[in-house]
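Labels for the chains are A, B and C, by order of writing; each one numbers its residues from 1.
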Amino acid sequence: MPTEKRVPKLTAAPGFRTLFIPLFRDPLALIGLILVALIVFSAVLAPHIVPYDPNKLNVHYRLQAPSGDHLLGTDQLGRDVFSRTIMGSRIALKVALISISIASALGLLLGLLAGYGPKWLDNLLIVFFDTVRSFPTVMFALAVVTLLGPSLETVILIVIVTSIPVYARMVRTQAQSMKNNEFILAERAMGAGTPRILWFHMLPNVVGPLLIIASMDIPVVVTIEAGLSFLGLGVRPPTPSWGTILNDGYSFIRNTPWLVIAGGAPLILTTLGFTFLGEALRDIFDPKLRKVM
Amino acid sequence: MWIYLLKRIGLAAIIVVIAVSMLFTMIHMVPGDPLSVLLGPRATPELKAALAERMGLDKPFAVQLVTFFLNVLRGDLGIDVFSERSVAIIVFEQLPFTMVLIIFAITWSVALGIPLGCYSAIHRNSFLDKLTGIFSVGTIAVPSFVVAIYSLLIFAVALKWLPAIGAGKEGNLLSQLEHLVLPALAVGLGWVGYIARLVRASMLEVLGENHIRTARAFGLPERSIIYSYALRLAILPTVALLGVGIGNMLSGAVFAEIVFARPGIGKLIYDAVITRNYPVVMGSVIVTTVLFVICTTIADLVAAALDPRIRENL
Amino acid sequence: MTDTQSNRVDVLNISDLSVSFHTERGMVRALRNISFTIPDRRIVGLVGESGCGKSTLINSILNLLAENAHIVSGVIDFEGQDILKMTPDQLRAVRGNRISVVFQDPMTSLNPVLSIERQMIDIQYRDHLNKSEKVARAGRMLNRVGIPDPENRLSNYLHQFSGGMRQRIAIAMALMANPALLIADEPTTALDATLEAQIIQRLRKLQSDLECSILFVSHHLGLVADFCDNVVVMYAGEMVESGTVRDIFHRPTHPYTRALLECDPARIKIKTRHLPMIPGSIPDLLHLPQRCIFINRCQESEKECRAGSPKLMEIAPGHFVSCHLCAGEGV
């Protein structure tokens, strides 16, 4: 068994300096970085930093405006909105992490199969991808919720199913363009089998763009979860999700604007943050991806 | 051109067939008997029997699928459990409201997005260009239902400039327009940014191409070069994008209709989901999916009409 | 400038043209003190390596330079006016009308999504003819460049033509307005040898029929020797030698010209494994030293070559060289 030589990267992986310096120069990227850090910290440390138990009822103090005690006021059941907002970040990132990981893994697999495998398989998979993407996302989500009942798991399933075609298509394009790359042809001429080629050569070059696309998908996933929860079809109460906070706020919009602000603001900050950061990273690593996303 | 047309429509038809089959299969994959799934817990025995007969539940799956298809093609999307009216009629009654909303949203976002993108490309790195850039990224990121709720809060509840609820008085155009403003704003806002960015990028790319240099070398007026030559090419990705955009806007419209309590497919399907009115849910999904496929197909055909090179590719 | 003996007015007269570009890394001095003329009804060849400034020169003649370009000095005299000082309207009256260009790659330099007819009509926008007259004129021009069945092919698109035909279309478009000067920027570089010969033959005939001048940019020395009347040799943004074809090819004076000719593979008579080349590479145009530009690649340099840039001198009637070593041979 010959010792493995280092696989030459077909796309350049930027080092520390090429990554961080342009990142710090771009004001939008910096803002994104700060916001993302904020959200991630709040999600990770949530149980430790919430001033109150997010589910603790205190009906006497319902619908209060923000004050020293309650930074964002209280909701219709007297629960501290600020605490609920912080806990909400946990749900948002949890859904994003789980669904995007699974979807990218599956998308990677299917994409490699489609791009590198036989033509009939490619055609089959393409038709499958196009079909899933032909459903308007919310319609599809509502259909699945109708069949499976609303829950966090259902949301995750929906996100996975609708994300796979996008990732798979991207991986497929990369795999296709590399399939006929001279380096790969040389390897095959030397007798390298498909699994080896896929693992050592295709994979390293495909993973990079996939990671970028996946991270740019985070705001989309957070939005889907919040949207479904807003409709009451996602996370089940009393779990605090930004969507459910928004829903509460919407019901009581004429009583107090603060619930709506509290539910919407973190959503806006999260989506903006991840988008700014994601775009900056994409522009650094592989500006050609602009065409895909 | 005709060959491309046929091929593209053929592809669309295949996708529709598979999509509808997927929906049908999904119904059957759910645990429990399909009748209860389709009709929900409120189904009376009579309804169940009638449906069983129509669907031919004792027959093999493949036959059921074909029957389902034939029914759909005939326009039979089932019966609404509650009102016992045809689902197809119910859905098509509500569709126009949603279409109006989407058309308004697309119109204003294109009307604002294309000129912004064009200007940004021509006056690169100007103040307006940079501003448009930030605005674009910002609005693309923010979810449309958040925009909907916030604009409801600000313009309807707090400032009371615009109405909060409904579609306006029947027959009163002004009232209806008034009620369209905020929902169309919510649905279209993200798209202004998307379109502006796309047009800007396409324009810059096209303006850098050799044939534009040739056009200038032939002394063609700059206006002519930008609008007839560059923009015509740069618009292509936008046209294709709009096809997909309609599907996205459908999602946005669902939320807008719910937030602003407007009639339309969104409200219809939402109410149906809550009340477990499966036939209406399925019927709505089928109709909107077919609509979506039609829109993307038309968008691709328009793009092929504009760029002869695309026709060679399918 | 009038040559009273043969009653010819020079079509284009470039004097002391210097163009620089503002870049992030500094001022790139792309063209320095270029001076030559294109006489009436003559074909002038422009020869030089990639990066010698040919494109910048062409863009200067059309005044189509990029935004970061700075015209340091110079006059481009065309039909009594200085192109560099013309207003946009005046320029539009000249481009495509009095001066036309044929670019190197017709696949990218013509519009791929508009029909040929549309493109050929658009460039006639200045003329007061109705549409069918313009179409007819386009058809006649296509015929002249040898496109078979031109009336039917007008409605075709660029990708439906072969490479050679596309370039003919480009030539047809350029010559349709009967310009005084045609600039051909390596028009045959993208074509194979047979096509090249056909295109050149066509160009020759057209030039004599239309009585225009041509500025012919090319790498192909044999072609230049065959096709052109006068030659200008450029190196790294400067003009090093110019004269008639005879002057340049039979009495090459500047060391660069001589080296170029020696390196032309067509000249190799004896089989050899070693292809001659000019050692070194073109200098960095950002930091130009005050000495002869060719010095680090010149086999014959002497002490005085380090002293400063040589001046352009006429060593024989019409034969100009910019070299310190030719100082003593002035007219």
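To be clear about the criterion, a residue touches a chain if its C-beta (ideal position, glycine included) is under 8 Å from a C-beta of that chain, and two chains touch if they have at least 3 such contacts.
Small disclaimer: the values here were computed from a predicted structure and weren't measured.
Set against the Cα centre of subunit A, the chain with the most distant centre is C.
Across the assembly, the chain pair joined by the most C-beta contact pairs is A-B. Once the centre of each chain is set as its mean CA position, subunit A and subunit C turn out to be 55 Å apart. A separation of 22 Å divides the Cα centre of subunit A from that of subunit B.
The distance from the centre of subunit B to the centre of subunit C, with each centre set as the mean of the Cα atoms, comes to 54 Å. Considering their complex, residues 62, 64, 91-97, 100-101, 103, 105, 108-114, 122-123, 125-126, 157, 159, 173 of subunit C touch subunit B.
By the touch criterion stated above, subunit B contacts subunit C in their complex at residues 209-211, 213-221, 224, 228-229, 232-233, 306-309, 312.
The residues of subunit B lying in touch with subunit A in their complex are 14-16, 18-19, 22-23, 26-27, 30, 37, 134, 137-138, 140-143, 145-146, 149-150, 152-153, 157-158, 201, 247-248, 250-251, 254-255, 258-259, 269-270, 272-274, 276, 278, 281-282, 284-285, 288-289, 292-293, 296. Within the complex formed with subunit B, the subunit A residues making contact are 28, 127-128, 130-132, 134-140, 142-148, 219, 223, 226-227, 230-233, 246, 249-250, 253-254, 257, 260-261, 264, 267-268, 271-272, 274-276, 279, 290.
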